[in-house]
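In order of appearance the chains are A, B, C and D, and numbering begins at 1 in each one.
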Amino acid sequence: MIIERARIKSNCEVAHNIWEMHYEAPNIADSYLGAGQFINILALDDWSHPLRRPMSIASAEDGCISIIYKIFGDVTKILASQKEGETVELMGPLGNTFSNWDNGTYPVLIGGGVGLAPILNLKKECAAKKVDHTMIIGAKSGNEHFIEHEPEENIYLTTDDGTIGDEGTVMEPLKRIIIENKNTYLFACGPEPMLHAVREFALKNNIPAQLSVESYMGCGFGLCQGCVIQRHNYEIRDDSYHQKYSLICLDGPVYEAGDISFG
Amino acid sequence: MIIERARIKSNCEVAHNIWEMHYEAPNIADSYLGAGQFINILALDDWSHPLRRPMSIASAEDGCISIIYKIFGDVTKILASQKEGETVELMGPLGNTFSNWDNGTYPVLIGGGVGLAPILNLKKECAAKKVDHTMIIGAKSGNEHFIEHEPEENIYLTTDDGTIGDEGTVMEPLKRIIIENKNTYLFACGPEPMLHAVREFALKNNIPAQLSVESYMGCGFGLCQGCVIQRHNYEIRDDSYHQKYSLICLDGPVYEAGDISFG
Amino acid sequence: MKRGILVLADLKITIGSEVFQNPIWVASGTFGYGTEAPELVDVNRLGAIVTKSITRKPREGNPPPRIVETPSGMINSIGLANIGVKKYIQDMLPIYENLTTKIIVNIAGTDVQEYVEIMEMMESVSSVIAGYEINISCPNVKKGGMEFGVDCDMTAKLTEKLRILTERLLIMKLSPNVSDIVSIGLSAENAGADAVSAINTVVGMSIDAESGSSNIFTTYGGLSGPAIKPVGLAMVHKLYNKLSIPIIGMGGIVNTDDVVEYMMAGSTAVQVGTANYRDPGIGEDIIDSLDSFINQTNRKSATDLIGSVRTLS
Amino acid sequence: MKRGILVLADLKITIGSEVFQNPIWVASGTFGYGTEAPELVDVNRLGAIVTKSITRKPREGNPPPRIVETPSGMINSIGLANIGVKKYIQDMLPIYENLTTKIIVNIAGTDVQEYVEIMEMMESVSSVIAGYEINISCPNVKKGGMEFGVDCDMTAKLTEKLRILTERLLIMKLSPNVSDIVSIGLSAENAGADAVSAINTVVGMSIDAESGSSNIFTTYGGLSGPAIKPVGLAMVHKLYNKLSIPIIGMGGIVNTDDVVEYMMAGSTAVQVGTANYRDPGIGEDIIDSLDSFINQTNRKSATDLIGSVRTLS
């Protein structure tokens, strides 16, 4: 884990309320292991917001990393106000990565909302290793999408309101793709209800799936014990510690769907 | 009292750590009564620093007002980072003004540190009314001065280290000027030790003097009762309220030297 | 919201026999006597004005410095500077005749007798005031300077004595500087209070590292502002779980979300304090946006919010 | 500072029979067992590491959500997740042999017997630990869930029992959620504690206005960070005025000025808590700049700061 003062290379709104920021962060980019990992951002030097903000790494190349973020509250608003040339302190790379997508299975990459950040990244990694795959990205409405619906390229968009791509959630194209392709492996990141649905679907249909999950994080590197998710199958032993709850910042954010449970 | 969203017209460092900011604030400029009055600035929209920051009005003309401020802590640092075109919420004009300087006496204007803001302003008012006067401005060192030492123009600078103007405090030229001129009236604004010295001097030598004083302010308009200064002569009566302590934001910031006491 | 039709939410709330036009009040000590607000504020829109604490005799208050900012908060030690009940009755009560907002008079004393005398004097004249808020965070001279508000028995006794004297609203204002605010709230309830309000300021201190001095003349002062919001919310929620009388919540409220949170935690009404110093019109702004919030979240009235927080355990 | 000569200030402080290389410690629960710090941190520079609370049995802790940010602060409800004393003795104590910084083991229990058993187990093995900090902000199951730390008698009894078991440093960690922290501190002192530390977290609550839910699974959690600094300073200063044993101050420390203020208020040492999450190297940074501060202000040693605040009244 590295703490690095990074220079902002660019920071633009790419869709409604969704921004993309590029940082010059050679040390973090260097240590980066793959899609799924995240950074923890110190957006303001003062202590009015004591905690850093975790953001998935959306790309890491040539000494630079990028994030894709949505304006949610105070700190993401501040992120959006930051200008090229300013510097920000980043901590990373943190967490684990998606894995086994290059093991002969057919990866189906599923992103929802800003959960598309690591998914876009994984797509690039698939392309680089020439692994055939499909990607599905869901959003509430068309104005939150900034990539194209290209079924011929195996890129499917969905919107709740049908303004772009398929109307409905990512589950609709997913169901079709599962039928059309053999040996699929799902890789998903997005809001909890989406992950929930993917998980249920995967378990029911016996399809392997990895989910990148989120939680409020106090530190991002294992000190605070704040970022837990409940494991699905855990032994309740007398000396049970980290059996029932797993630290997302260290053990995650990527889990096999069967290993975790959404309360 | 007016609350007005003001546009920043300019914001520059005029001396070491000392900045001058111009705001477009037509309503406040319009209601402005004279040197001594101040505004209360909301430098950040968030609530990490709940209180506004009071700053003397250094000029008010053509719908614009200006302040001269020193970087002290968090909020003045933020002020210095603000850029032309940004808007800030100002409250003002607040407080009373220097008075009676145009009543046939010879005004000696004395400013220390950023206390020169209302003094420069008063100087302009004297000039406009063609009232002969002298001005003395003190600072720790030459790099904190941004006006010229021009004895021929009756402008005297002093520095603690002698780098510009007279070495020592404002008291040195003051003593000379008092001898050289008749019928003097002192008008002073600056750090408490300076005001203290001016007050002692004025009372001892029976010279009328007005002092603009500072205090931590919770509101700036009489609600919080936080900004008190002790009166010099007060009756301790059974129903004493605001007899012993005066609210600087309403009754001040300008007081006759004999009316207040520095603890 | 239907287009073209301004749907005004029902913001009315009731405490005892009093109906308030909305739950947004201004807190004692942060809005003067209700008569000093700048012209730009329409005090008649507020749910109620709680006046700064009135004492038996006028008080000059503490020597300066009385105020200092802290992270997301401030400390004050004003020392109950006020004109005293006599002058208050003379000068202020007549002005209230012309206000349509409700006035709650906050009373402070250093022994039970003092509170009683003030209340008797207030009740001996005719006035439009709606009720009293009793500040029990004052040092009790008879009990060695310990606050009334940290002791159940003292709270009960004081409440009883005052209850006899008035049919107007009697609201006991609780101190957060206690091990168990619920027992004290229950004492007030059992002794006849119509409501409790919480929280008063949290004891705090501030030092200037450079000069080595205390930033407050009296060394300790009262911490207020957003910093204490989590403390206020916890105490209001605990009170709501055990008391039957309404709770008036406060501590760090600066926007509509804060009001909603305080009401969800169990407040029937709320008080805006420190935020008035920065923006004396903030109460009005919050009333407007609370109105929109209630409409937009398809609630029927402000009262739907009270105690509605969904706890997870 | 003389040009060309690096004058290192004397940062040493003493508590009981232990000399600490500097007064900057890291707080329980904010630095793990002292063994998880990232490589970029040199833990051996710290005055001491206070480990996260150890309980008799391992604990999984509370369900999520466990953490939420608040204005200038955060609330946590981790629920004392820890490996338990047995595994701690097995796995951690050996690692400490290789550290030169001092280790203070924080202990938590739900009845006196539990604290006693943990201490007995710890004392039954040889180890390099310097002492114990006793977390008495835990709900006491035998007393209906009331915290040990709100009651003088419980505090005294617990201190006595533990005092008998160890000659190492015994530090009682006080809760701020009390009417009178000084009496509790005095009870600990009279029962034989070597020092008290203050403050633990302040009870707080956080609600999401939009969803209407509690942001913390257990509804209430502990508020920490700069928001509570004024509270910590006030309590440390009150303790310093009445106690003879050293006080270890904490609550919202994020920089050197904060450390200086806590020492001026009466702390012999301080603990950095929440700030470690944002910057695990902050303790080291503060040590360096405390060194400069002491030199630049012409003080001889860190101990000159202790209790030196100039009060005005």
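Here is the rule we go by: contacts are C-beta pairs under 8 Å (C-beta built on N, C-alpha and C of every residue); 3 or more make two chains touch, one makes a residue touch a chain.
Everything numeric here is computed off the predicted structure, so don't read it as measured data.
Here the chain-to-chain distance from subunit A to subunit B, counted in touching steps, is 1.
Remark: subunit B and subunit D have CA centroids separated by 46 Å (rounded to whole angstrom). Centres computed as Cα averages put subunit A at a distance of 36 Å from subunit D. For subunit A, residues touching at least two other chains, in rising order: 47-48.
Each of residues 63, 65, 71-73, 225-226 in subunit C touches at least two other chains.
Taken as a graph of touching chains, this assembly is complete, with every chain in contact with every other. Within the complex formed with subunit A, the subunit B residues making contact are 46, 48, 74. On the subunit C side of its complex with subunit A, the touching residues are 71-72. Against subunit D, the residues of subunit C that register as touching in their complex are 63, 65, 70-73, 75, 150, 177-180, 202-207, 209-214, 216-220, 223, 225-231, 233-234, 237-238, 252, 256-258, 260-261, 264-265, 293, 308-313. Remark: subunit D residues 29-32, 36-40, 52, 57-61, 63-69, 71-74, 76, 78, 81-84, 86-87, 225-226, 254, 274-281 touch subunit A in the complex. By the touch criterion given at the top, residues 1-3, 42, 47-52, 215-219, 221-230, 238-245, 263 of subunit B touch subunit C in their complex.
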